[in-house]
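Working notes, structure below.
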Amino acid sequence: MEHTFTHTVVVPYILLEPLWAAVLIALFLRKRGSWAAALSTLVAALICFRALKMALGGFRFEGGTEWLHLGNFALSIGFKYDDLAALMLCIVGIVGLGVHVFSLGYMHDDAAKGRYFGGLSIFMFSMIGIVLADNLFMMFIFWELVGFSSWLLIGHWYEKTSASEAAKKAFITNRVGDFGFLIGIIWCYWANGTVNLSALGAHHVFSTGIALLLFCGAVGKSAQLPLQVWLPDAMEGPTPVSALIHAATMVAAGVYMLCRINVLMVPDALTVIMWTGTATALYAACCAITQSDIKKVLAYSTLSQLGYMVAAFGLGSGNHDPVAITGGSGEHRTLVVVAAAGVGAAMFHLTTHAFFKALLFLGSGSVIHGCHHEQDIFKMGGLRTRMPLTFWTFTIGVAAIIGLPGLAGFFSKDAILYLAFANNKAVFLVLAFTAILTALYMTRLWRITFFGEPRSESAAHAHEGGLTLTLPLVVLAILAAIGGYVAIYPKVFTGVFELIPEAHGGDHTTILITSLVVLILGAGTALFFYKPAATDPLEARAPGLFRLLASKLWFDEIYQWYIDKVQQRFALLLNFLEQIFLAGLIIRGFAGVVGLFGLGARALHVGKLNVYLYWFLGGVVVLWLFATGVF
Amino acid sequence: MIHAGLNTYVTLSALLFVIGFFGVLLRKNTLVIFMSLELMLVASTLALVAFSRFNGTLDGNVFVFFILTIAAAEVAVGLAIIVALFRMRRTVQVDELNALKH
Amino acid sequence: MSALLFNLFALFTVICAVGTVVNKNAVNAAMCFLLCLVGVAGLFVQLDAYLLAFLLLLVYAGAVVALFLFIIMLLDVQGKQSISFKSFSTVAAALAAGLLLVGICSFATRGHLDAPNPNYGSGVGAALKPYAYQLFTTYLLPVQVMGFLLLAAMLGVIVLSRKLDAVEGTS
Amino acid sequence: MNLPFDPLLASIVAPLAVAVAIACGLPKRWSIRLAYVGFALPALLALHAWFHYSAQPQVHGYAFLTRYSTGLDGLGIGLTLGLNGISLPLFVLAGLVGLAAGLYAIQSTAERLKIYLMLLLVMQAGLMGVFASVDVFFFYFFHELALIPTFIMIGIWGGRDRSYAAMKVTIYLTLGAMLSLVGLIALYVKSGATSFDLITLREIIAARPLAATLQHNIFALLMFGFGILVSLWPLHTWAPLGYGAAPSSAAMLHAGVLKKFGLYGLIQIALPLLPLGSAHWAHTLAALAAVGNVLIVGFITMAQRDLKQVIGYSSVMHMGYAFLGVACYSVLGAGGVVLLMVAHGLSVALLFLLATSIYHRTHTFELTEMGGLAQKTPVLAAFFVAATFASIGLPGFANFWGELTIFVALWQFSHCLTVIAISGVIISAIYGLRAAARVFFGPPTDAFAAVAAQHPPADLNWREKIPALILLATLLFIGFWPKSLSAPLNDTLNTVYSAVAGK
Amino acid sequence: MDIPSLQALAASNTWTSILPELMLGCLALLLLVLEIVLPKRLHSALPGVALLGVLALLAGQLLTACCGITEGESFNGLLYHSQEGQLMRVFFLLAALLTGVLGTVCLARQRVAHTEFYHILLVVTAAMMLLVQSNHFVMLFVTLETVTIGLYILVSYFRNSPFSLEAGLKYLIMGALSSAILLFGIVLLYGVGGNPSLPAHTASAMNFDELRAFLAANPHNFLASVGIVLVLSGVAFKIAAFPFQIWVPDVYQGAPTPVTAFLAVASKAAGFLVLLIVARTFSPYAWLLAPVLTVMAAATLLFGSLAALTQHNVKRLMGLSGVSHAGFLLLGVVAAGTQSMAVGAIYFYLFAYLLASFAVFGVMAQVAGPEDADQEISHYAGLAKDRPFLALVLAIGLGSLAGIPPLAGFMGKLFIFIAAFQAGLYGLLAVAVVAVVISIYYYFGWIRAVFFSNWVSPDGEAAPQPARAPVGLMAGLMLGVLALATIFLGFYQGPLGQWLNNR
């Protein structure tokens, strides 16, 4: 039985199924956690199945129905299922299923399992909405919903103040990005008369402003500088959530969105994007070096990799003369194609990163689970023997991320490096240095966590989890290992993968050598420098550098200072002015003046007849003056 | 020597009226105030009679009848009130009759 | 002759009126008022309103002033009677007097009326009979109303001045 | 389906009749039973009107149009009832919020419950009347009818400062009402219609528009008059004070529905009839709303420490969006305002309801003394979080559509103000989430732990849940299917705003 | 003069046209006769006789009103009968009836004569009915003085209370002064109008129609304008317009409550009717009349509401707020110069004012206690708990006076506002709006005391709350009917509104 896939089929099945699951859980299964988990996982499996089937079946479609119509403004709930969306949907489906299965084990004893799996389902719904959206308004809607599910899941253990605060921080920081995103969408709407992606592709106005404002959305969601602060804090959520949302899918949505709107890009904007991504990559890699929390390391690593992707997207522009784009449609096309190289590189890295980062997070989850929720790597050690499966899968993940030739990360990182090499040497150097750092901190993490002797009770009693914990690791490890070979991807994704820039000849060699040098430098330094011990040798050897890196450039402190000392004080000042000045001085003062007049008028009634009679005289005199024409 | 024309009569009546008004304002004794009020009424009747005479219509003169009657009734009621008040408060000075105020 | 008489009566009336207003003693004020009324009655006579002059004397001088005097005597308050000349009330009274004088001046200068013929309408109020005609035809209704007014006033006076015990008896 | 009676008149008369019956001394049990009817009937009739609106024949752009004479036909005043696309959403809002407030009141433990219910029913009747009236006079009339019980309810059942709050609210609102009344009279007289009938007014003004200066002046009266009623900055200080003091059901009905009167008047009457006036004042209005209501009040909201004050100020802030929509003077803007009114009405009513429920468990409104309530009352927390997210404009809730359409419309009006307005999205997220976190999340504070030890807090019971569910379900329904409201709204706006529909 | 011409003159004295007044007079006489004839133990039935008689007259008046009456002059032009005159007959009969009912409440607790009270009340009422139909200055003055002298007696009727007597004396002296001023004005007008040297002089210058014709021919005569302002000052005393309002609070406070009510309603209404009549007569002098009345209206509105703002004595409060009401009515009178609709508005306002005022005074009579002395607002604290019926009636009455929909007072204000707007009196309207807002404060301050406060002794001592006397059947009935009528007239104006506004 073959479905002809159109949006009428997609909507009820792939989009609304997780929503229904969430609704059912919210209404009936709150207290039946196992049922909720089963339902949610089943739906995730269905999604994964459908996503793969649709993608591999080669169905591509566009279409939608009107959702809201007022005046000339129409907003439709529409779908654009092209190769890009198909690829992203598959990633979401596969990683989502993996995380669901992993969660079955990881969250087995949690009291609020129902809420957790309901949140996962809402997240799946929102994420699929972003992936399928055919217009920016719809994308924005699901964009916000994703933010909400993120809030829900980060704050899962809300009785911890830190979790609650982290959830709040994540949502508000995202809103800051969305602020620009929404302005960009609205501007785009009025500038072009539409926000439909296909229509925009056919014809649109070039504007740096629109492109940058839309990029704001990505800055928030993909945690680029300067809105990166929420992502490390978001690790307060359960680890599978970090794997799903804060590594593989949601944070990648920013990159995905950029790829969606690549037609709107102009060189100026791309330059900004490129440098933002580059800076984020470098900054996060530096920060990762000093982290001792296993998840924090991975979080900064994620940040860094996202910076890579964003930089890759920005690099796609090349150094075209801005005058060229104002010309005829021929120039447009060249521009689009060149930008598309960035899309290819970014999406390629997104795909591979999704696999190996999800793997790493789930691996860390397994470690944490095994160590009874101990997250400090300096209190671990010796897990190589105690949790062998986790160790080996984790090793594959580490190898992939540091770009060991043959594994997924190697290929995608090379593509990006090549792009940088071709377009901007400065960026190339920074990214290469970042790659050294990546190899350094990942190897450090790997070595300290798994080698040596156990450095705490919990590590000593660590054990491998059940099948639900290990199975996803294995699957993701396989994907992380082979995900870099473009050839293994079915032809159906050519729309994306044909865009991946490939180095040829001398360039190819240069990039390959660079990669290897980088890898050897980074990993070698780490192996040489870090020993499985209870303290960080960097702290002891170079305390100044350590402190500088550990400070994370005081971003959090500055923001906190702004919130406490500027924003909140400003709010208190305004409140004070309102209470004292507006409600007090003006309103009450005015009432008081009227009251004084009232007292005065009342005091005029002195009770003496003589005085009253003078009033009559006065009245007559005044009227007389009227009669004589004085007034 | 002022000629006894209409204007003279009217001005004279106005003068009387004003004197009465002044008395009302000036005096503190309710009885005298009351007399001043009567003076004002009388002043009005003087003007009325003069107008009646010089306009050649009788209405004014007839009106005087009514005014005199009303004045008498007013005086009767007024004096009754003053007497009753005097019984309670032992005064006819308006300064002291200010229990009702503010 | 009439001019002389008029001047005499007018002067007399005004002086008596002022006397009524400024006299410290209430009894004297009442007597001044009485004389003032006589002056007005004289003016009435000048205006051919003999009946009204007579009535004025009868009702006012005979009844009203008598009543005043009676009450003044009854209450016996002339001893305490005085015009207090406190600064505030003096200023106010002076101001009032000034205003009133200005009013009179404006009245006298601007309110000029032409009497076309000094003999026009002379003797209009002289005869008795037209009064009767008017009162019993045109003004019959007001006359009736006056009847009710007098009755009500009488009842009012009775109510107000009856002894308290008598009232208690009725309720 | 046609009812054998006029549903609009019935929706006004039913609560009034119940109120009268209660006033006549019905015993308490029967009073409560009848009160259910008095609250449910308008809601059911409103839903009926909603679902059958499109099938109804339209007379002069109105469905269910009926006229009743009150003896003032000579003056052009008559009770004309009808619904168009603008009034229909608000009519539904009035019915549903009224039902929720009524149910919540019935389950409450208020002293003198009978009088409380009676006043609430009178208010409900007035609210239904406001939005069902086609006649401008009765539109005003019903508003005042609904306003009086607010005063009494604040005064008798109110919280802190109730006496002062009641006076301040009443004086402020009277001033606003008087100004707008003068504006309406000006329309009545100066249009030459000598009729308060909106249909007649529209026809006559369409044929012979008013002079520009006149339009400016009348619009100013209406703008500031209605502005006070809707808490336009800086005339808003009554609102947080009043809501802080008001008992829950009164606050629900007032903030949720009655306050929308002014905006409704601007959308339904002022904008279509006074296009030049609105153009003249649009920038002033928009500047006040954007800088005052959104930014300044937004920051002030952040500084609040009292839960009810947070809700009250946030309501003032969201009214700023609505004013911005009004200032746009377009079909999109006006439609956005209507959507926002409905959404805000539902969400703020829900918030006030839940705030009271929270109070019953924490015995304080002070945010600093709360914390960790979610562990004891997860369902309450879920409702409150949903209401918070609704009010900060999360997609999926009705509020989002209102805010989005207003933002989109506003861009055409002024880019700068759009940016300011959208920054409000961040501000509201900050205070909304902060309040939710303070109340529910983190470990319990010492103060709350002490209270909880004395009165172990129970989760929401069904009698509280049902009214909350009514509101939340409607919010979600409109959020997921905005067309249910926007389709009739769009039709009406396109005809009423014919001057700008093509723009 | 011959007999036939006398007969012709006498034939114009159509006594049947003043049948209601005649019967009132006869009823008054009958009371006196009955007091003499009947044994003492039956004297307590006399008020009942008076009230029944008035009721019967009222019924007769309403019945004949349907048949319509012949419009036109009678008594040689002394009287002019019109529809409005018929209406005002009903008004004054109603006022007399209600005052009588209040009298039964208050007099019963006092050691004073009863029959005379009703006698004088009836005579005054009849005189008022004639007053508002008078068409001639002699008639006007005579009936006015009858009313005034009757009121002197009534005000000082509680002759064992120094307050009542002091109020009577103050009222007497100021009233006599104003009568003298009025009289001098009349004299001047008479003299000018009959002056043979002026164009269009007339033989009967005191007839209003003739006087108007004369004034139209001499539009700028100085003496005539002086006469006009003097007449206006005399009338202004009656209606308590600024600056002739100063007597109001003292006299209201001292007078017995029923008399205060009568003064506040009937006397003021009569004054306004006289003002309307003389304003019509003086209409050629609009250059003088309009500014004088405008300034007076503005000053009256502001002074009344300001002075009442801080007042604690309810009678003084009612008096000062009555001054403010006089301002509203003056606004209508000013508008009536150009808008005929304003006259209808004034009538409606007066009726609404009658209903509301008597409701309030009725409650005051109940609360005031046996000595008629409990008049502070603090005496009303906790009334709602003690006597909810009285509290409700009071709230309705005060609400109507404040002009809150759906009560009759609002409709009155609305009509006045519309008329004023049509007449273009924007400045006065602004003042009126301010006055309404201020008035809310003191009216609701009173309601606040009734509903929101608990009993505290006014002296600050721990005196127990005085036991409040139960409401008698007749008084209760009256209050109930008044409250219902106030509400009913607010919702549905019916034939009355139709009739008033089609004029």
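Here the chain labels run A, B, C, D and E in written order, and each chain numbers its own residues starting at 1.
Convention: contacts are C-beta pairs under 8 Å (C-beta built on N, C-alpha and C of every residue); 3 or more make two chains touch, one makes a residue touch a chain.
Note that the structure is a prediction, hence the values are computed from the model and not measured.
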{"item": "Graph distance between chain D and chain E, where chains that touch are linked", "value": "1"}
{"item": "Taking each chain's C-alpha mean as its centre, the one farthest from chain C", "value": "A"}
{"item": "Most centrally placed chain - per-chain CA mean versus overall CA mean", "value": "D"}
{"item": "Pair of chains with maximal C-beta contact number", "value": "B-C"}
{"item": "For chain A paired with chain D, centre-to-centre distance based on mean C-alpha positions, whole Å", "value": "36"}
{"item": "Chain centre separation (chain B, chain D; CA means) in Å", "value": "65"}
{"item": "CA centroid of chain A to CA centroid of chain C, Å", "value": "101"}
{"item": "Distance between chain centroids, defined by C-alpha means - chain A, chain B (Å)", "value": "96"}
{"item": "Per-residue multi-chain contacts in chain D, two or more chains", "value": "none"}
{"item": "For chain C, residues contacting two or more additional chains", "value": "92, 96, 100, 103, 107, 110-111, 113, 115, 120, 130, 138-139, 142, 146, 149, 153, 156, 160"}
{"item": "Multi-chain contact sites of chain A, meaning residues that touch two or more partners", "value": "602, 605, 607, 609-610, 613-614, 617, 624, 628"}
{"item": "Full enumeration of touching chain pairs", "value": "A-B, A-C, A-D, A-E, B-C, B-E, C-E, D-E"}
{"item": "Parts of chain C lying in touch with chain E, wherever the complex brings them together", "value": "107, 110-111, 113-116, 120, 129-130, 133, 137-142, 145-146, 148-149, 151-153, 155-156, 158-160, 162, 164, 167-168, 170-171"}
{"item": "Interfacial residue positions of chain B with respect to chain E in the complex", "value": "6, 10, 13, 17, 20-21, 24, 30, 33-34, 37, 40-41, 43-44, 47-48, 50-51, 54-57, 59-60, 62-63, 66-67, 70, 73-74, 77-78, 81-82, 84-85, 88-89, 97, 99-101"}
{"item": "Residues of chain E that touch chain B when the two form their complex", "value": "137-138, 141-142, 145, 149, 152-153, 156, 159-160, 162-163, 165-170, 172-173, 176-177, 180, 183-184, 187-188, 190-191, 194-196, 201, 203-206, 249-251, 253-254"}
{"item": "Chain C to chain B touching residues, read off their complex", "value": "2-4, 6-7, 10, 13-14, 17-18, 20-23, 26, 29-30, 33, 36-37, 40, 43-44, 46-49, 51-52, 55-56, 59-60, 63-64, 67-68, 71-72, 74-75, 77, 80-81, 83-84, 92-93, 96-97, 100-101, 103-104, 107-108, 111-113, 115, 118, 120-122, 124-125, 130-131, 134-135, 138-139, 142, 146, 149-150, 153-154, 156-157, 160-161"}
{"item": "Chain C-touching residues of chain B, taken from the complex the two chains share", "value": "1-12, 14-16, 18-23, 25-29, 31-32, 34-36, 38-39, 42, 45-46, 49-50, 52-59, 61-62, 64-66, 68-77, 79-84, 86, 91-93"}
